[in-house]
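Labels run A, B, C and D following the written order; every chain starts at residue 1.
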């Protein structure tokens, strides 16, 4: 029992925790402001939230400049380049989402202040996730980012679809996390410790052990759910369609990224030794996810739902490198991180356009995009760029993400990898088929219901659009920008 | 100590929970079943922790309990919301969106 | 020798006049005056060609030291000034070849029966034309006796035709284009005859083909004309496969396109590459057959008569159609060795030639269209030339080419003049009795006919006599079959020409209107050509004829000047001594032909109406009239494959086994394209592509079933697949 | 050799000036149509001038080595660099694409096809031009890939927005086909990146095409080479297009607007063949040797098959499209022989086909504009109704059927000739058979082209057009067409203009291939 009593207060590295604390501070600040001047504060909220996110970037920059790797709580919580890159990514995408939300939330009947509080909280969870190197902290981070997301998904109080979206997301979410926890308990049982390094040592090698396999699988499945990998994707389309569009964007980008981050940690640090489980698992999952996502997307008529399935397929692409995690770890991580970064911008951009168009057409149907190019050429071109990026066509950013996958696969080499590469190739083709349906509507079709008044793009949306558009194109023309982050994150993640 | 019995208990509880989630139509009952699963996990954690003679297992369990509380709170809220809008908590009914 | 080195100027002139006429014809010069440009150009060409001919004779008479091949040193010069024509490694063995050549020469100089030294052709090459694989290929001119002979022929005929046309196609709807393309044709033909390498041969060959295409289709508003034009071009294209492949084989064998080099290499070592040469020669024969209307590719020539008559005279009688003969003569070593002319008593070339001569003559009987008669007569005469080459009588063939050009051109222009008078009809049944109305045309026509028939002392007599002689004596052994062919054809030729003259000029006028003599611009050329038809023979008189006058020196001028002994000597061609008997026999045959026909038509003796009475004769006649159904064969099999009937022949479908077979073949062939397109392309290939797309689409539809919308199904799916994965992995791993 | 001074800028200018023009136009509002037209034409013309300048500066003595080379860092993480360079192989094709674009702009000066919108149309053309020029000068595989792909979207929109009835289907088909090909292509590129070793067996990990063609695939075992080549084959073969991947071509051509078809025929198809010569063969000699017979087979099938398909066509434009399949068959046959003869001929064939078929598509477009149909059966008597156009059509037809003295011949004849003595390690009999088949193809070509000409140009114009006054070739068309016509004649009369330039490069390639084959 003395073991249990021997408790010493861990040393806190405030600089390392600065981002989380800033975020937390702004979250509370918003709440307080809300309590003090509730109604009158509405206008200030998005600004506050945005400031909060930007402010949080400051300590991240200082940490990046400082560059030393910081570890706390016995390695449960680590701040290294990898985590910093992803924290930054979370915050920037969060900021874009806030920009997207401004008008949407203001114009609909929503609880406005809480909305931003919850979003900041969820982002806090994500930021923590990127630093967590321990089953417990991963679990806590996961729940911290999920629970607010459940609520946000149901945020349109009156809307049955939104409620249903929330319910589905919630039930499936907790169910999955229960499964995951069970897996974690087994893993813990075998490793006798919760930190990834320890797990890596215990499970790393040695004869295969059914319990270990079961544990690993369940843990992975928990996160596979988070990144909406087939067959654990079922919640995604419904939730995306039902949830308020900014929230959808948030889920599709930020929370998916969070899931990926966790997976990177688990796969490349904790379970790397068990490639006999990991690689086949992800081979199957990624192939399934890409293909099923793309195929179903072919049949969608609602743009958001189409983007949902496209998002699932994209997730499948991101999972591809995991299939060669052990054979080419460095390239694999690089590929995933790069993909995440580029994906965040191109997908957010696409959603931004959807929002902008929906403000006029009040419809999510693809047909409502007819002749967009005639009356809103700017938006049409922007959408074209984003879809091209998603399809992976140079010079829009996406090609480099896809390129990363191929690179990882071929670096690993071997028949399986090559096979998966071909699957990816085929899927890029299928994918374009449905992106093209949107393009076709925008460019080739007459204006829907003859109403060709131009679309007014609000300042916030305009800003979001600019950011995403610039980033997408920049990543396409000078992939070095994003490639660099991929590189640095590899070194730290693999502790090299 | 008798690790296996605890594990079996946990497994059984987990299985029951899963069954409940997948079979019960009543939203609240589904939530309960999930709690069941989480507690199965707790049992495992504690058992393993003791077996290894380290505290982390129990710490983990505490975290789980705390989080579970929060989750259920949110869950009930959502179910309530649905009940208000749809006059039903039968999870079968909620399929506006499909395909 | 300036003209010989700068011969390229000669084709350049008409080329320029083509451009000038085409660009400025309508606007600046004026449609009514374009012929001035053409005629001036041709006049210039004629003078220059004459100059070239003269300078060549000078070269032969007083060969400059570097022109004679005797000692090895020239081999080196030669090697040098050809180093740029073919890969340098060739230059060396090339040099050695020359040593051999000169030896050969001294060897059989006496056996060969000619003591004239071996005069090298004048070869001048210009800047690198194209280059490939590090080898640079030059364009240039090769001028020797053969070239200058052709230059003279082309220039003269073309000039006369230009003059003639000013009246004949007066106020034609496309006067300008007409003259433009006459010029272009002349340019192409001249370029062709002075080609220095076989690639140039192809170029000229195709260009003249195109000109003939354009001029046959000159009146393209009427479908039959364009059909004829297409038929001509496509038939030639078929032959061109042979040309292409043959030339490629030659390249593959000798690694050079240079005609001089190829000939020298073969002459130097006749035995070598026999197989390659055989292939090459056979392929080239196909080309010859198509261009020079040899059996079985001759059918386009009669249809080509759809073009304006002067064109027929120029292109389809005198010049273009002899391109094939010219090519054989030019690359004679290839054919000689390839088809082993020297060693066998029968060979492909001789047979094709003889057979063509025969059927051509036979078909000429069945025609009512005067131009078609002449066309088939041309086919037959070309066959004669090819046969002559086939039996190794090189000089005789070229001699006949020379004489034939004049009298056949004259005959065509005469026919044109007739139709000009008789309301543009060529149907002999609508003529008759024109003798008195158009004396000039009549006289010139008769003269040329006599020449064609081979009556002493007209030109045809001498050349034909030499051919018969050639096939009698032949190379190493005689060609009896060819001799028989030759004699039969001699009779028939005389006969059908007499028939033409009867129907056209004698008896009663059967057309309507008042026929009148053609104007000077047309008769003058006729007389000039008729004159040539009389005297052209003197250019290669055998010695004995001249002895009485003590002019032996003038004997065998063509043989002396034209024969490229530098190439042929290596082959050991012999020149049979003239035989009086042969001459008399030939003459007798011709006369007999005339007499029989004369009796048949003028004196009404003989088997009149036999074709009506006698079934066999009737069938035979139909058979002839249908041109052996060869047209059906081509139209159905070949042209139908090319999708559209080129000749409107529906009215000539006979209940005939061959025909029915052919019909089927035709049907099948015509639909091949459509079938492949419909089933293979759109069906199989494109279909599979679209099917893949549809498959993806529908599978997407199917998969949507997963997305039932029911939470618990989702849950089941989630946990179910989790369980499955778990089990699988636990078992597998 | 690394370029210096202004020369460092030449290629980048030639490539990116059109893009700059496009960006400028985006800024100009639609209302100022005249201005944006001028900007478009101006930028493309300046690019052309730069190209011509480079052609004059070009050291033809050293046509074998790259010139105006620029080698700057680009994507360091994957060790891919911005390397551009010009050698005898790129030069003619670069000039071709530089010339074609301004002419297309001029041609569509006053009549942008339905539904109008000159601005967008010109922007797309300019972007297209950047992509094409870039592909021909890129010396880094990734750079090459990017340019190769940049071409897709503009063409997709050109077909999809300004195309005919079936435009949606056609454009998507074009896009998906090419996308699939290039996806496999990039896989092969990466395989090359990871597997290429230098002579000492060191892994190179480079995308630098200069290096890769120097090492010529040593150290990659034959089997792997064959597989990698397969990927490249798909990538380039679809673009060419080779039988049986050709089905996108007729649809794309038929549906595309006139200038779209022109550019497609004149330049886009060449990207594929260029890829074979520039990348596939020199990088993977052994793979090439084992693939060559099959490529040759597909090529000759393409020749005959394309011709037969032409005979089945009732639509003038579609017929021309299928004739492209046949003509590119000759090009591929030349490449398949792996001899300098064949490959030189192939490069010549690319240029010739670009000029000739481009010209034919221009004509088809103008005919469509005047008669509102391309149904061969409904046309006729062009020589009478629009004499000049009729004559030009005749000229183009003759050129297209490979008439000696015009450009077409020099693409066909040496290609066929080269099949007589195929390169080292290739089955002679097989290729000689190909040779004969190809020769037969020339006849079929004459067949369908003359048939087309007879049906459209000869005879009397049909009644339906009898009454109308139909405009003959107008000034803009003259401006746009003359360069094509001149080029066809010029290269036909003096082919050395191209052969001389390409020969060194090609000889280099084939030499290395032979060396490898002899060594292995």
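Note that contacts are C-beta pairs under 8 Å (C-beta built on N, C-alpha and C of every residue); 3 or more make two chains touch, one makes a residue touch a chain.
Here the structure is a predicted model, which is why all the values come from computation and not from measurement.
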Across the interfaces C-D and B-C, which one involves more C-beta pairs in contact? C-D
Chain nearest the overall C-alpha centroid of the shown protein atoms: D
Just how far, in Å, is the C-alpha centre of chain D from the one of chain C? 37
Can you compute the centre-to-centre distance for chain B and chain C, using the mean CA position of each chain? Integer Å is fine. 97
Between chain A and chain B, centroid-to-centroid distance (C-alpha), Å: 25
Could you work out how far the Cα centre of chain A sits from that of chain C, in whole Å? 78
Give the residues of chain D that touch two or more other chains, as numbers and ranges in rising order. 176
For chain C, residue numbers touching 2 or more other chains are 693, 704, 707, 709, 711, 715, 719
Residues touching two or more other chains, restricted to chain B: which are they? 21, 91, 94-99
Write out all the pairs of touching chains, ordered by chain label. A-B, A-C, A-D, B-C, C-D
Contacting residues of chain C [partner chain D, same complex]: 128-134, 136, 199, 202-203, 205-207, 210, 217, 220-221, 223, 226-227, 230, 233-234, 237-238, 240-241, 244-245, 248-249, 251-252, 642-644, 672-674, 676-678, 680-681, 685-686, 689, 693
Residue ranges of chain A in contact with chain C within the complex: 167-168, 171-172, 175-176, 179, 208, 210, 213-214, 217-218, 221, 225, 231-232, 234-235, 237-238, 276-277, 280-281, 284, 292, 294-299, 430, 433
Which residues of chain A touch chain D in their complex? 334, 373, 377, 384, 388, 391, 393-395, 399-400, 403, 406-407, 410-411, 413, 418, 421-422, 424-426, 428-429, 432-433, 436, 439-440, 443-444, 478-480, 483-484, 486-487
Provide the residue numbers of chain A that touch chain B in the complex, in ascending order. 3-4, 135-136, 139-140, 143, 147, 150-151, 154, 157-158, 160-161, 163-168, 170-171, 174-175, 178-179, 181-182, 184-186, 188-189, 192-194, 237-238, 241-242, 299
So in the complex, the part of chain D that touches chain A is made up of which residues? 73-78, 120, 142, 145-146, 149-150, 152-153, 156-157, 160-161, 167-168, 171-172, 175-176, 179-180, 183-184, 186-187, 190-191, 193-194
